[in-house]
């Protein structure tokens, strides 16, 4: 009988399973929140962003033609659905690192109620987000000679695509909601090759042309009507460390771009420097110092020898 | 009674809905074509490209093994389906900016008939597109020491992936079909990090290695057997403006690469310059002038101090 | 009667079908393996990677909360499923280029049995893969001041995302399984913009920040605790050719990074050079020679004139 | 060349295609409406019924828990969606038999506008439909000793399942909308084995136990609190014909059941007879005459010889 | 401004929404459990039954060929998944009618723990369920001259289809789990037209030929090797009532069939009568009294006049 | 260490798995074909029937409006797909009971080639099947006073629904293809409650009204223009047995209905009797003898006492 049963086993596989079930193997990355809320769901967050996109640009996304006369009904139900889905994910996010943040064990009830408040607080910023995104659309349309209508930029420009996620993520970040902003940003990063940290503070009418390889750091501040091209980095020079050797968090370490700054492809701007209003930074340049307003920095000449 | 009903409302949500239903909030980006055709559908365009990919490389994509003896039947039905789906999207594209293009209000009937003609005209270029793509496959196979068969490059090389979309988009662009070519190009851009404008004119046996960050502008002309590496830009130096300050459209403003030019990683070539046949442009270089045929331009040396 | 039937034909379409059915048109890319196994399936490989991800990081991916007490059951079934799916794809891969590799016609049976062995051999490396990935998670958490928990990096950091695929692909590559490693790598390349060849040999605690545009070549060797930023290339200087002009395969042609090397954004390191332990390579540099251990290479200064 | 192409054909298949493309083969059932609206969609009608079910019994169907405080938002959007989807199907139904009904060719516009009116007219009956269905739920709960809560009957009783469809179909039928009511009825017939013609007029608190095989004809009239068991037929005795031999339509030819009539399993009641209030019809009986109020008709005795 | 907003409303729709949001309209059927567990999910229960079917008949259902050597792994994971999904639904079922059953408010924790126990208790009956179903398969194969293999009956005979659900439902019913057994039974009823109450006690080797219209009541007892044909009813004669007029629950009111009884099509057996072993009941008969063992009851003769 | 691992086990579950892995438990129903073809797939067969339905009634099923001018292309591809899918299922069916049928072990190759031939042979009957189904549509339209167009009956009448499956299944049955015909018939039985054995031989213009509970046995022969109502049985009186007690197969044991016979609801006709042309069989009758042409058999009168 024993023998019969062992016929239904594959010894090699059993060994692999044994190895992968050793606590020493999985514990360093085992997720163990204090509450029993499930893991944050990337799929749900994608769905939330997709619903938000429909709310922000009615008629562009989703399956059906917009009907103005019933827009209100669909919008209200959409926002209600978002508030429900987002509350749930925020609750999970709040519990995600309970241990790490030294938070005393909150009851599930109080976490859920806090999550609901935060979801509504976020939804209240939607009019502001739409205002900013409309200005980004105008910037994309005016800045690209190939664009024929503003509508076109909403449908397929990576600049609009990444800014929809960023403007959402930035408001969630400003409400101190953990994890979710970063997941939303990385999702746009994956699609566009543009990596904007949710903390970056970006003014109206922002436009990134082509965009692949752009990196904008957490404490960057960008004024109105700025424009970047592909491969531009707004980064930090170095990370200050605490006495114990760990990295210091929360220090302003990325550039400030004042209004109407243009940065051409491949330029690298590092550290808490200020690029003055109306300055132009040439392609492939390497900037680690302040640049006065109105200045034009040209690219490195090539040497042919 | 009133009171009962108000129990079923969430005042905060109502306020947000009110704000987002203000015409001043949504009108700048409201899509309102003259005809009542729905918005262009990204999902449908993806499906069309996917069906085209199956028609161009029979046996590589789709769920089932190719059966040569019935290839003709499946191909004919596939093209018929594409013509139906593409006609519909072209009709939407033609109506999309009726207002902006000062087109007198065309009847839906005449738009649909024009769209059908354009779809067939495009399908007639498929033999040419396949010829070019087969040459691109050969180039990828011969150019990459890691490639073991041409088939492999079709399955997973970003160069082939982006060129399938580009060769399709370029023919649609050449037929003056608006919007659709750009959406198809951006979709490949998102997957590969390679941004080729549908207008770019690219010769046989083209290969891009790695590819992330490559940008090829609208009026670029690339000869036969050229090869690019990651991060190469073929861009414009500046955008000439009309007297009213708006950008002038349609001017040849991107580089010409003659046959057998190689451009190494990170090189930037700007403006309507000509890179002569058999020239080699080194990595990280910055080119804004003509380069004679056969020349080798080396990269900037690094300075260690 | 004839006439009636011809009503059901579209002559233009017939012509296109005729052209695309010309053997001269499709034969150069026709897939014709000796066995009758179907084409490798990208969708199945995606599914396999997704199941592996669940096996490696239990609780992070998939729909449900991890239940520790039944982890073993789900893991065993998961590995069994993977072994079945992977065997099938490996069998297809082994047959894919039978012609090209001069392999005498193997029976389907012997190919399938070889494929099963290889699949199990690969599964046996999973404990090692998990060990390495756990070290990568630690590196990501420690290296990014924005990271709040290791768990967060598993959920959304492109560095972890690309390394999951790479560590899998590298073991498949080391077992001489053709095609599949490259498809798995390109899939991560598409999502992250990071292009790591499956052949690259990468030590523990590896971290890539931002990552877009990174290229790591086939024969690269990277030690422990190294870190790269976006746009870094570890490439080959040139491809040696055989007497017949074809590219020589299998020669060590990419850089060696010893332990604890950091390479900043946009740096290009080419050829079989060695970057010594603890060296730091500045952004936008161009390196084609050995760099001694502990050295700091600074970036090119910009010239403003 | 010719020969090559013929290699890509399967003669037997070609012959079958030829035969099936003979107009004489397909024309008798070819659908050719005057307008170019597509065929009625069974899938869309299923979706509409499913949305209606959610509107009628909030919280029972669909994926999520009902939230009372936002029920109004979801309901309004749901009804708006239903009105859009239903208008489209009604428009198709109105055009479906334009030829047959001698309707002069209506413009698509006027059909669509008529369809919209009818959809809204139908939606206005939803409060009445819910009232009736709630009474049916009460009847099911009170009539079945196995039922533990009214809620249970909504979740799984065939009686409620078929009545949801019938009460919807009957209102559509009363608005003279063609085809759609029957499709909705047949869909419930398929699921429950209960065949109620949309024309049947059924009072409050109706309950069918088990139900398989029940048939209720078009002109049946059923009072309040009636109850049927499986296999009951309320049918017509014969179909009167016109002088030309075709069946006369629209004549009252099915039974009338007054209030509180019970009909046991397998009973057959045929023709325009009246079963008086509070009568009980025994199982397996065959009734073709009026039955006075309060009467009990017993089943045929079995003969054992 | 006000006016603008009202443009986005449809007054008729608002009125319907108002009517449907009247508490008096929806409250009689509003689901309001004491705990906040969601409504029982028909979709989840379908999935559970489908997984059980795979566990009971390995290799017949599901997408892949059975591999004996790894059956154990897949089975263990399958049962673990079922236990998780079923626990959740049982918890919901336990809370579903808390109010009605006078149960003091249980904590969610204790309900979930009770649900887990019940799920495991049910799983422990699987070997018994498989034993009975295997005997039903044998009965179907031996009883139908059209059956060529036992396997065939598993794939498509309604008798096996309904008995899979019944044998599952009956064990759940025996554990006093509310609601779920009935939902599972009704799901088979819908597919097969055979309505077996979960309470019915059915012996080994049971077979129903054709089956449509069969009804088997809650307290029926059926011995071994019995066989029924389509349209057979094992019902109750009447429902005894309590003094308050409500139906008395739990009384034995359906027939007992001893071993090897055959009941032909359309026969109706009512009340707590006993059909003795080896008896044969003819088609279309009406039985309300005991039938001695071995008796043959013939059908009613037809009268032709 | 051991202890740690045992933490990841659930003893009760292990016991159940052990019991269900006992060969004595699963072997009686273990599917073990000689070849290694997978089990017949109900899902694939559903898909095949669905594609056949589209081929038979172009324009009624599937997602899109029929375009006459390209019907030929879609039809050819559809039939090619069906031939591929059906060949595969036929091959599985041929191997399904290799053991039972004493067939010497055929090579997979020869089975596949036989399956291909059979699939094409079946496809060659499609013109005949369409001819018969068109006649059934006419019968349904003319026979039901509620039908407004023939098209309507195709969309939703159970009679057409079941006859599509039957006419397909009957041709497969006539080609001696095992298992598949029955699976296709049972699938229609489940949807309509009408159980027609694939062997039944049914003439033109057949119509079943309502239909639930109808059973038509394997050797039934039905002439032209016959009509049945719900609950009609054409069954066998008894099953003759072989000397060893097993049922004799293949004997003509069901009724013959000559042309233009009508059988009303609930009638039972048993044995190899002949119902003469133009006869009418009343409802609820029980017929076991020949009925002369033109006769009207009335239903049993009910006895009220």
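Read from first to last, the chains carry the letters A, B, C, D, E and F; within each, the first residue is number 1.
Following the convention adopted for this analysis, a residue touches a chain if its C-beta (ideal position, glycine included) is under 8 Å from a C-beta of that chain, and two chains touch if they have at least 3 such contacts.
In this text, all values refer to a predicted model and were calculated from it rather than measured experimentally.
Participant: Enter the minimum step count from subunit B to subunit D; a value of 1 means the two chains touch.
Facilitator: The fewest touching-chain steps linking subunit B to subunit D number 1.
Participant: Which chain maximises the distance between its CA centroid and that of subunit A?
Facilitator: Result for the farthest chain: F.
Participant: Report the chain whose CA-based centre is farthest from the CA-based centre of subunit E.
Facilitator: That would be chain B.
Participant: Return the distance between the CA-based centres of subunit D and subunit F, expressed in whole Å.
Facilitator: 25
Participant: Round to the nearest whole Å and give the separation of the Cα centres of subunit A and subunit E.
Facilitator: Each chain reduced to its C-alpha mean, subunit A and subunit E end up 50 Å apart.
Participant: What is the distance in Å between the mean C-alpha positions of subunit A and subunit F?
Facilitator: Their C-alpha centroids are separated by 56 Å.
Participant: For subunit B, give me the residues that contact two or more of the other chains.
Facilitator: In subunit B, 5, 8, 10, 13, 21, 64, 70-73, 76, 79-80, 193, 212-213, 231, 266, 284, 299-301 touch at least two other chains.
Participant: For subunit B, which residues are in contact with subunit D within the complex?
Facilitator: Going by the criterion above, the answer is residues 5, 7-10, 13, 68-73.
Participant: Spell out the residues on subunit F that touch subunit B in their complex, using ranges where they run on.
Facilitator: Against subunit B, subunit F makes touches at 64, 67, 70, 73-74, 76-81, 84.
Participant: In the complex formed with subunit A, which residues of subunit C make contact?
Facilitator: 55, 57-60, 64-66, 71-72, 75-76, 79-80, 83, 120, 123-124, 126-127, 130-131, 134, 137-138, 145-146, 148-152, 154-158, 191-193, 210, 212-213, 230-231, 265-266, 283-284, 299-305
Participant: State the interface residues of subunit D toward subunit F in the complex, per the touch definition above.
Facilitator: Interface residues on subunit D, with respect to subunit F: 10, 12-17, 19-21, 25-26, 28-31, 36, 38-40, 42, 96-97, 100-101, 178-179, 182-183, 186-187, 189-190, 193, 195, 197, 199, 212-213, 215, 218, 231, 233, 235, 239, 247-249, 266, 268, 270, 284-287, 297-301.
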